[in-house]
Amino acid sequence: MKEPVTELCAHSLTGMNYRDKDLVNDLIGEATFTEVMFLQIMGRKARPVDIKIVDAVLVTLMEHGLTPSAIASRLIYMSAPENLQGAVASGLLAVGSQFVGTMENCSILLDEIIASADQQEAALTIATRYKNQKKPLPGFGHHLHKPDDPRSLKLLDLADSEPTLERHYIDALKLLSRAVDQVYARHITINATGAVASLLGAIGVPSRLMRGFAVISRAAGLVSHIAEEQNIPSGRFIWDTIDQAIPYTKRDTGNG
Amino acid sequence: MKEPVTELCAHSLTGMNYRDKDLVNDLIGEATFTEVMFLQIMGRKARPVDIKIVDAVLVTLMEHGLTPSAIASRLIYMSAPENLQGAVASGLLAVGSQFVGTMENCSILLDEIIASADQQEAALTIATRYKNQKKPLPGFGHHLHKPDDPRSLKLLDLADSEPTLERHYIDALKLLSRAVDQVYARHITINATGAVASLLGAIGVPSRLMRGFAVISRAAGLVSHIAEEQNIPSGRFIWDTIDQAIPYTKRDTGNG
Amino acid sequence: MKEPVTELCAHSLTGMNYRDKDLVNDLIGEATFTEVMFLQIMGRKARPVDIKIVDAVLVTLMEHGLTPSAIASRLIYMSAPENLQGAVASGLLAVGSQFVGTMENCSILLDEIIASADQQEAALTIATRYKNQKKPLPGFGHHLHKPDDPRSLKLLDLADSEPTLERHYIDALKLLSRAVDQVYARHITINATGAVASLLGAIGVPSRLMRGFAVISRAAGLVSHIAEEQNIPSGRFIWDTIDQAIPYTKRDTGNG
Amino acid sequence: MKEPVTELCAHSLTGMNYRDKDLVNDLIGEATFTEVMFLQIMGRKARPVDIKIVDAVLVTLMEHGLTPSAIASRLIYMSAPENLQGAVASGLLAVGSQFVGTMENCSILLDEIIASADQQEAALTIATRYKNQKKPLPGFGHHLHKPDDPRSLKLLDLADSEPTLERHYIDALKLLSRAVDQVYARHITINATGAVASLLGAIGVPSRLMRGFAVISRAAGLVSHIAEEQNIPSGRFIWDTIDQAIPYTKRDTGNG
């Protein structure tokens, strides 16, 4: 087997490197968390536009109130307060296929459009395929925000105001959006995960890694929920509320 | 039971709030990830000095090479690549008592010193107590970095260069450091978790919440490891190396 | 460093060993799950009394309705159904200090009594210490079951009916129970975690490993909850119920 | 929304029910862990053949030496020994698509065969499809065990010796096995996850729930690894070994 190497970190008696930077002299106090995170994840120094996009994405995905993720973290924190990291880990496990995972599925569709000789044709084909299969189209639709998700409009405006940003992913998303409206014969909003997919694609994040940014952002959101739980405990209230709201029903289990 | 409330987030048909800020108009594209994280966790708008300290702390704790945390994340990612969040969650569970937890234990000692009428006396008492019990003193000592951990020096220099930073925690740590050198009759370095404890204390982070910043920072570090694993797979190599390095030994289990 | 070995498993081209047993010839179809689990964890072949005790303990700890642990697992399953193991892992993280952890803390008290020259004196000292510090005594008290937790009575009856069972831990628990009633001047029930601690102690499980049996048992309980969630989904209902029950309150975050 | 109910557990002042059984009178000391687990997960009282099959499956999947799962648990235990449940949770997150997940994918193929009018034709079609796509066929093949995985032979013998066991899944697997040998023009072994899929299918476990049994079994296996880690620590050795085996390589990250 080929022996692996790591480019992420070197530590020695006199100091540490993060990639090719000296941690103490180049990074601590000199670079922001977003800049160093970008350097480590993407393997290249961030341009100002990269930071603008990553910050906007991380801010957008951080918080959405008392979601499954936040409820789980609060309950686990109540049960094991000596173990804050377990409470965060528990909530992070919700960053799965049903909500955040649509981001990478949308990105895969954008990859498909970009790789096509006739991009408009590809967008129409995708929209038609999902409509015929009656499956939700990743990156599109929102049960509350109609006609448009205000977060998506803001993220796309932000992208449009950045002249140095590569356009392929943004343009592919807009093309897909027009195809969707045409095929479904009504306007369906680009949702936040759709907009995020195109912005992260534009700065070079591959589809399979996108979920990582949601995980980092949500980790910060869940620490906020734990901080609030320390001051305004809700765990016991959640437990009692649900235990009372879901009644026991007896059903015969037979005699084998 | 008193019914809990949340101050973190409101969502409605037309938009979302993070605390008292409008997400779309006030935060996306307007504030950095560190700024919004601070707002959400601490419940107050960050001052420039808060951002300086939090960024420095998050950068310091992000990465330390192939640690237990990183090895676990890489192995879990190999086993369930469809589930990136599980790989990160797995590694975050290492943010426990043995390494990062020393941060909050050091902070509790600083709380004890600050609350004392005679702070110098308190520092000497603490140092003597740990020396007599032959227990490692949280925030002090490093098996590699002697005489001093360069990260700690940099972090404390940074704190000293911020005139608006509250001084109680920084001063308490320095007092404890002098007491340690006196009681142990040799110089023992303040390590990175000790310096981090005093800096986070100085901006108002309570001891019991400090570990949260390590979790956020490490989440970003672990996403870097997964990004590298996608390009330079190491999981199978780690498995084979350890399986061969730890031999099976047969021992009689008896007959009950 | 001394190089570690493993006694748990050997695998080769022609088969596999679990400790000194051949997996295919000695265990599959020949031994129960509880027997093999005991062999692997404890390193000795189980006697009938070991199996009786372990089965009783695992059955007792498996299920307690819609607890924090079960609610977390159901919410994570809804969010990432492709990732059943993540849902179980999430709920297992609740097996912490506040509920199950009392088991090992009770066991540590029993260790203390057993090691004393005057056991009755030791039991009275412990009870007095907790009463004076107004701290909950691990293994004692239940907010619902008065005067006695029926699970504890059953578990202790079971222990008493096993003539080959070592008595030190059972006797120490009963001694502590009498001391508690005397010191508090009223009857306080031995609860399920107290009874479990004495039974596991009696078959040689060390305090620091006891929580492991709760984890195994609860893993089975959480798989039941996921099975039910597949047929009677509750995740969205839990989310909506809690999101509505915990209102947003706006508080001024200042201007930095 | 339809309000959910639970059939798993009721608790009251005087006792507790697991489904329609009284915990204290019917289960503790009266039923084994496997019996109660089956009752709770499957919603029916287990027949002797159900217990035989479930025990055989749980024993087979419990242990496989120093796997990614076991290595992760040991490393997390070293980092946070106060938090045994986190170490188990960490390792369980490895029960994903790459190893254990093949069980449910094999089961889905068996469902496909059973639902076909011409089962032999269906089996040949499946084998041909996988061969043409050069994808690994779930439930078949093993890099070590040739010509046959001894665990599979034992599990299928066990099934064949149970006259009351429903035959559809077992027969479908054997049909698929013959089709595989014919289409690939050589013998490819049924592996352990293939045999497990057919046995669990035969007692009525749906494909989407099968992974749950692997999780329960592996939880017990990981507790064994933690018990061994308490007596023969390997965590620091694993860390040092891997840190030395994977060297740092410096690569230029550019100037943005």
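By written order: A, B, C and D. Residues from 1 in each chain.
Criterion: a contact is a pair of C-beta atoms (placed from the backbone, for glycine too) under 8 Å apart; a residue touches a chain by one contact, two chains touch by 3 or more.
Fair warning: this is a prediction, and the values are worked out from it, not measured in the lab.
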Any chain in contact with chain A as well as chain B: C, D
Identity of the chain that, by mean CA position, is farthest from chain D: B
Of A-C and C-D, whichever chain pair has more C-beta contact pairs: C-D
Chain A-chain D separation of Cα centroids, rounded to whole Å: 30
Intercentroid distance (Cα basis), chain C paired with chain A, Å: 36
Chain C and chain D, separation of their C-alpha mean positions in angstrom: 23
Chain A, residues touching no fewer than two other chains: 3-10, 43, 65-66, 80-83, 85-86, 89-90, 93-96, 234, 237, 245-246, 248
Complex contact set, residues of chain C against chain B: 3-10, 17, 19-21, 39, 43-48, 50, 80, 82-83, 85-86, 89, 245-256
In the complex with chain D, residue positions of chain B that touch it: 65-69, 71-72, 75-76, 78-83, 86-87, 89-90, 93-99, 101, 234-235, 237-239, 241-243, 245-246, 248
Touching residues on chain A, where the partner in the complex is chain B: 1, 3-11, 13-16, 18, 23-24, 27-29, 31-34, 36-37, 40-43, 52, 54-56, 58-60, 62-66, 81, 83-86, 88-90, 92-96, 144-145, 150-151, 153-155, 157-158, 206, 208-209, 211-213, 215-217, 219-221, 223-228, 230, 232-234, 236-237, 240
